[in-house]
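After this come two complexes, each holding chain A, first together with chain B and then together with chain C.
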Partner chain A sequence: MSAFRAILGKDLRVELRTLQSVPAMALFAVTTFVIFRYGLDRTTLGGSLAAGVLLATVLFAAILAINRLFVAERDEGGFDVIRLAPVDATALFAAKVVALVVYLLVLEAIAVPIFAIFFLESWAGLAPLAGVLVLADAGLAATGALVSSIAANSRARDLLVPLLLLPLLVPLVIAAANAAEPLLAADGPSYAGTGKWLAILALYDVVFLLVGYAVYDFLVED
Partner chain B sequence: MAETAAVQQKSASPSQLAEPAAVALTGLWREFGDRVALRDVTVALSRGRTLAVLGPNGAGKTTLLRILATLLRPSRGEVSVLGASLPREAWRVRGRIGYLGHEPLLYRDLSCAENLRFQARLYGLQDEGAKRAQALLDGVGMSHRAGELVGNLSAGMAQRVAVCRALLHEPELLLLDEPRSHLDPEAAALVEPLLGPAPGRTRVVVTHDVEAGLAEGDLVLALRAGGAVAYAGGADGLSAGDARAVYGGRQ
Partner chain C sequence: MRFPSLRAHAAITVAVLAAGFALVFFYAPNDADQGFIQKIFYLHVPLAVCALAGFLVAAIHAIRHLRTGDPIHDARAYVSIHLSVIFGVAVLVTGSIWARASWGKWWVWDEPTLVSFLIVFLLYATYYPLRYAIEDRDRQARYASVFAITAGAFVPLNFIAVRAAQSLVHPRVFATAEGGMPPKMWVAFCACLAGMALLWTCLVRFELAAKAASAKLSRLRRALEGESYVASGSRIAPGAPSRAAST
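== the complex of A and B ==
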């Protein structure tokens, strides 16, 4: 637990100091909303289109952070630091997952209100939408940390991350979009079918967290 | 030149020879694809003694050190470090080794003190970690730069902080890869009491300085470029000329 807290604290401190990931994600998200607004030539969105625009934007913004997640470990010897220390390598995985969730929550705290200003007539669905986003963030972070770690030592990592990650995220995006769709309906939020999709999202999260826990020691070894 | 390593102890008494080896390598091979980095290395180093590893660039010195540090797996052969068989029992020696490699293993966006605090937490050191970090920074003459980001330090200063990192947890075995690189004479003198030979300190030291290697090594292992073990002999029997031979006589 001490190693987990040390790695997480280090990552958050470095991000606060350098602002390398979250500002880029936020800028990307806002720019994407502007492009959608004028590209679709729509001032309001609802239902599946609204859910799709929001989730696709968050997903692609997340890839910016996922690509950078292990940069210090790769370039500054962080993998060796962990392997030399008497700590379980899964502490590194857990810390990266939580750090990525924190980045995504900060991104969404900035991006969702802007999305609502740009596209939503009713803001009533935003509070329950937070639950969908938190579950989606956990799955995105678990899968992202796993894939980023696999790709970290490859020269083609910038290509590998989206190539490996996006197919793995298809079930998560389907579940999150279906859960968010009734919440963002143009005529006000409803909860029809949301529970089933939230359960699928939670199952996805559990599966990828367990996979990460099970295989991570092998990933960081030579 | 012998093709198989067979290392003898300098002035080793029978009781010292009977002690369990801190490092024991038997027929160690390491390959990277078709390239052989280490070929059939056999060495036994007792606790409290120093093994100096000599050899030109690409001879496998760093590979050897990384295997001992549990950072690389051997391709073949037996490796025992501090009584643990590697790589199977790597978990038993992690935290007992101090590794100083080519890279300082410090985060550039953390200060010297933050890096050492991070290391202390990884090794489960709490208050004593902070005290020891401060003492080590004092020892290497870096306490006045403790709050500075490592990315802003010169290579020599980063190396001094890396020395603190390697020693913070009071390791039983020191693995030092050209530990005086980047250091000016004054800094080298500062780190010498921390890294140099001392009673009870077990060390494996990679160096290109043949004279220094022969002087400080109880054992000397000379590796030849191209992956073959060219020569390994006790310091008593290894002349400077023999050692230089692995560099093609250029040193």
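== the complex of A and C ==
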């Protein structure tokens, strides 16, 4: 537990001092909104289109952070230190998942209001949308930390992360997009089927957190 | 458990597959709705069942590899995924042909099983770039096993999510109004499924045997030529002067 706290504290402190992931993610997200504005040729979005644009943007912004998640561990010998220290490697996994969730929450706190100002007519669905995004972030962080850790020790690091991660995230995107779609409807939010999709999102989170917990030791051991 | 020799296994596979397809064409009746084209069901569905079962088998081998550290389990997981990916290409092609014949389109996004299969296939296709991006042999095997386990957990989840997202228009051959397939179709289907499962296991054993033989060959070469022998993936070109003759 103290190892978990130490690694998480280190990651958040490094991010606060260097600001290398989150500002880049936020900038990327806003630029992507502009790209979508012209790519789709729409000035307002609602329903499935709004959910799709928001989720695709968050997902691609997340890849920026996931690519960099283990750079310090690899370049500065953090993996070796974890192997030497008498701590469970799972603490590293848990700390990275939580760090990634924090990055994503900060990103969404910046990007979602901008998205709402740019595209949405009705802002009433934003509060329940936060719940959907939190569940989606947990799943994204679980698979992201796992894939990032695999890719960090390979030759084609930047290539492998999107290649492995995108297909793994398809069920998450299906569930999150379907949950968000009625919340972002142009004529005010509705809650049709939200429960079912939140249940699938939660199932995804639990499965991949458990898989990560079970296999993570083998990614660090050498 | 004792398996029959690879030769006998291959002969049984050919016999069962031939008998299965003979049943399909001469015994099972034509489908009342779809007519003759429904026969592709006897190829498409067994291929899909074997490919998905193969992915799950790979996950089980991967768990055993991580538990024991024995490279044979990694080889089995690799070969299982390899053959299931090949079967997967056949599933997507036959599924697309069936969709074209039944609904007039080569690809139908409303069809949950086909779409789920595509996503699973795309995920497993990344197994190769992942494996070959890692140089260290031990680490490569370990990471490949981690991938196989993660992807194995992904397969059922993906089916749940895709199925929940779509209206059900897939031809429900197993559950029609009369309460299922006629018995004659069941017999033909089970024979084809058995034949396809035999084919999959036979090909797995064949590839494992080939891998074992080439590993043994390079061990023998090394013993014969000592330190000068460098293991290479490609065979020595015919006509090139052999090392043994030149020294």
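Here is the rule we use: the second predicted complex is superposed on the first by the 222 of 222 C-alpha atoms of A that agree within 3 Å, B and C clash if a C-alpha of one lies under 4 Å from a C-alpha of the other, contacts with A are read in each partner's own complex, and residues count from 1 in each chain.
Assume a residue touches a chain if its C-beta (ideal position, glycine included) is under 8 Å from a C-beta of that chain, and two chains touch if they have at least 3 such contacts.
Predicted model only: the values in this text are computed from it and were never measured.
With the C-alpha superposition on chain A as described, chain C and chain B fit side by side in the combined arrangement.
With both structures placed on the common chain, the touch criterion links A:18 to chain B but leaves chain C unconnected. Shared-chain residue A:215: touches chain C; no touch with chain B.
When the two complexes are overlaid on their common chain A, residue A:85 makes contact with chain B while staying clear of chain C.
More residues of chain A lie in touch with C than with the remaining chain of the pair chain B and chain C. One geometric descriptor of the composite model is the angle centred on chain A: between the Cα centres of chain B and chain C it reads 80 degrees, in steps of 10. Within the superposed three-chain model, A:10 lies in touch with chain B and out of touch with chain C [touch as defined at top]. Contact with chain B, but none with chain C, is seen for A:77 once the two complexes are overlaid on the shared chain. By the touch criterion defined above, A:2 reaches chain B but does not reach chain C. Within the superposed three-chain model, A:175 lies in touch with chain C and out of touch with chain B [touch as defined at top]. Here the smallest spacing between CA atoms of chain B and those of chain C, following superposition, is 7 Å. The contact surfaces that chain B and chain C form on chain A in the two complexes overlap at residues 221-222. Across the complex, chain A meets chain B through its residues 2-3, 5-6, 9-10, 13-14, 17-18, 72, 76-78, 80-87, 221-222. Of all residues in chain B, those touching chain A in their complex are 69-73, 87, 91, 94-95, 97, 99, 101, 103-110, 114, 118-119, 121-124.
Looking at the complex, you find that chain A touches chain C at residues 143, 146, 150-151, 153-156, 159-160, 163-164, 167-168, 170-172, 174-175, 178, 196-197, 200, 203-204, 207-208, 211, 214-215, 218-219, 221-222.
Chain C meets chain A in the complex at residues 66, 119, 122-123, 126, 129-130, 133-135, 138-139, 142-143, 145-147, 149-151, 153-154, 157-158, 160-162, 164-165.
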